[in-house]
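Okay, structure first, notes after.
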Amino acid sequence: MVPYVAVAITAVILSLVPLWIGDSRTLTGVAVSGLLFACYATAFNLIFGSTDQLFLAVGALAGVGAYTSAITSDRLSLPLPLTIILGMIVAMIISGLFSWIAVRRSLGIIFTGIVTLTFSLAFDNLLLGQRSLTGGETGMVIDAGKGAFFRGQIPPYYVFLTLLIGFLLAYVAIHRSRMGWAFRALRDDQLSAELSGVNVAKYRIYAGAIGGAMLGLSGALWAHVEGFISPATFTFVHVDVQVLVMLVFGGIGTLLGPVVGSAFFTYLGEVLASFSQLRLIVEGVLLIVLFLALPQGVVGAIVIGITRLRERRKGLP
Amino acid sequence: MLEVRALDAGYNNKAVVNDVDIQVDDGEIVAIIGSNGAGKSTLLRSVCGLLPVLDGDVIYEGGSIANRPVYQISRAGIAFVPAERHLFPGMTVDENLTLGAYPKRPDSDRRALIFELFPRLGERKRQAAGTMSGGEQQMLAVARALMAIPKLLILDEPTTGIAPSLAVNTYQSIATLRDHGIAVLVAEQQVPLVLSIADRGYVLENGSIQLEGSAAELRDNPMVQKAYLGVA
Amino acid sequence: MTAAILDGLVLGLQFGLLGVGLTIVYGMGGVLNLAYGAMAVASAIVVSVAMRSGLPAVPAVALGILTGAALSLLLNVTIMRPVYRRRGDQRVLLSILLTIGVAFIINGYLVWKLPIEALSLSIGGDAISILGVPMRVGSLLASAITILAGVGLILFFRRTTAGKAVRSVIQDEVGARLCGINPASVRMLIFTLSGAIAGLVAVTRSMTSPVPVSEGFSLTILALLVTVVGGLGSVKGAMLAGLILGVVNALSSFYIGSYITTIVLLVAAALTILLRPSGLFGEYT
């Protein structure tokens, strides 16, 4: 039950954030983008945290979802929900394909990282080059979402909060299922997991595909809620580096690590916004200090702390 | 020259070897015999610095070398040939030997002696170590260790994975090292072979010394005969 | 066509040397230095600033290369220390994260203090005809320096005891320690060398095209691709991979042009990795 309670508490806390930031458009924008990154980080956590596949194409996969949905809805006039599902499916297929390739060629962390990184960079170039379809560097304005209920009736903050809570619940459900058991087995020791009959390849591909679907869905929703996308929104530097940093800071393989990490870095970015020139330096210093001080991430450290405390209590007469 | 005192050693802070005392004097060949998993490798590895010394001490030429970095122990004159050999597979025989002498320049007399002991290596100076047979690699591992002109040579199961006839040759070569003033500490499961050249020996089982004595005493000991020499 | 190939070779030589600097660090300690490009840029900017304040080109370049070496050495003796206490994938991952932090700091500092600085060494003189193609003196000088540096590195690794010690640690660290080699000092040597190479590449590159403050990230990515295509840890492989990628780059921009060139390059890199995960020269250095 504990994980569901944790998700519920997170949902309550996050739903109160708009009260705190009030009517400020800028702050609301920052908060929404923080939620989007929490969604990315949760999906990435499922792929990397649970199955050790370093996908450096988080932004690109979200971009695949966003552009697929935007192009099919605006240029081909397909119904909006259909295009969002389409975006999700295309991202899912590509991501699943990465996993399949990584498994088939037994690529380690670095090689998986680099193959997916080449995809990120190639995708970025494709977006920039295919001007007629994507609008190139200037990006594209998307009209299809204008009348949609999730753009007009619900504030964007709650759209992405719902999405995040959905992802977290999915994460918990997956980890409580047979798949989660397999994830733990293959993280502990891949060889013995294989020997005891866990189909490592299958579960890796599942994780890749589900994570990819989450990314595609986030990207597609973002495209329609924002009404504007450009290649810069999905580049490796803007998304993947950030998501990796957020996840590691929060705690790889922990349920709430992605949320804590993205909340922290979103807040930090806002605090440092007024010293924009110093921002990179401060982030760099923080990264180094935090990774050295908390290698398991904040949530990881807290979990370890609680476990130790419990053990100590048990140890007392 | 080497004295191991009340040594505890093992992995992850769990002692595999407990309270072991052994001693090697100048120019002596000392055998450590025992079955698979008795702790022989753990003992030798901790002496050489590859594993931590958890308790006790290792005294070499009057000073403690316990928990010193491997490279310092090596430079102090202790050459270790692990069972896995740890050769440089992509380098030639010659290059492996050159590195054996590191940080000194390779000594030409020593090189000549090595090619006399192991003529096979002389024929294959330019061959990559990784492409040689198991027996040749074993020779190279010993040869590389000798290039450092060590005072003490430590060998862990030098006959692993090589043909029985070659094993006999290996031990004949080891026996000649005594004439060059090199002390040898060798762990071996092939007990008759090692006792045929050793001066003294220790029996290590379950991580502690069960028995010690001269090679002749050990050969005549009924327990050793029963357990390791196949005498009913 | 000949012109495209020659241009590709000029570019490829730089790619190759760039990859060598990154690959030796990986081969050595199983770590990736993602601040590598930032260090190259820092070296270039030091050269540029030094020359603007009146230092002649040669000492300025020397100062720049020293800067790269010093930065890299500093990295090795500070934040790389905890990295070496980890093993395997954990080690690579921590090195990636920490060096991203270092790259942020270097980039951030340069963008803050010298946002429009760029190094552009223009070498005068009339174009020289090679195989009927007029080549700029800058390209030829850059290539000559790169080839010299490459040959020098190979001789160092093959012929000198220090170079052999480096290779021994790459091939079997335990064996090297048993031979009396201290891996920590070898790593120090390699990190310093890697930084110096980064600086040198930044300088030669600036002879053909300007190296601006913002170039760091793309240099890192380029080095990473070359390194992986050549086989992580392989010096020969990195050089060959650099040449191949340089020629692929030049040919595809000659025949296809536009953004597709970059995509062709990336696809070529990805395919090599997939077909030969150990790289072109996967096994030993």
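Every chain is named by a letter (A, B and C) in the order it is written, and numbering of its residues begins at 1.
The working rule: contacts are C-beta pairs under 8 Å (C-beta built on N, C-alpha and C of every residue); 3 or more make two chains touch, one makes a residue touch a chain.
What you see is a predicted model; the values in this text were computed from it and never measured.
Peer 1: What are the mutual neighbours of subunit A and subunit C in this structure?
Peer 2: Neighbours common to subunit A and subunit C are absent.
Peer 1: Of the chains shown, whose Cα mean is nearest the mean of all protein Cα atoms?
Peer 2: The chain sitting closest to the overall C-alpha centre is C.
Peer 1: Farthest chain from subunit B, going by mean C-alpha coordinates, please.
Peer 2: Farthest by centroid: A.
Peer 1: Roughly how many whole angstrom separate the Cα centroids of subunit A and subunit C?
Peer 2: One centre to the other, that is 32 Å.
Peer 1: Between subunit A and subunit B, what is the gap in Å from one C-alpha centre to the other?
Peer 2: 54
Peer 1: Using CA atom averages as chain centres, what separation in Å is found between subunit B and subunit C?
Peer 2: 43
Peer 1: Which of the residues in subunit A end up touching subunit C in this complex?
Peer 2: 52, 54, 101, 105-111, 114-115, 117-119, 121-122, 125-126, 128-129, 237, 241, 244-245, 248, 277-288, 291-292, 295
Peer 1: Quick check on the complex: what are the subunit C residues that touch subunit B?
Peer 2: Subunit C residues touching subunit B: 161, 164-165, 167-168, 171-172, 174-183, 283-285.
Peer 1: Help me check something: in the complex, which residues belonging to subunit C touch subunit A?
Peer 2: The touching residues are 32, 79, 82, 89, 92-94, 97-98, 100-109, 111-112, 217, 221, 224-225, 228, 232, 258-260, 262-263, 266-267, 269-270, 273-274, 277.
Peer 1: What part of subunit B is in contact with subunit C in the complex they form?
Peer 2: Those residues of subunit B that touch subunit C are 48-50, 69-71, 74-75, 79-80, 82, 85-91, 95, 98-100, 102-103, 105, 130, 144-145, 148.
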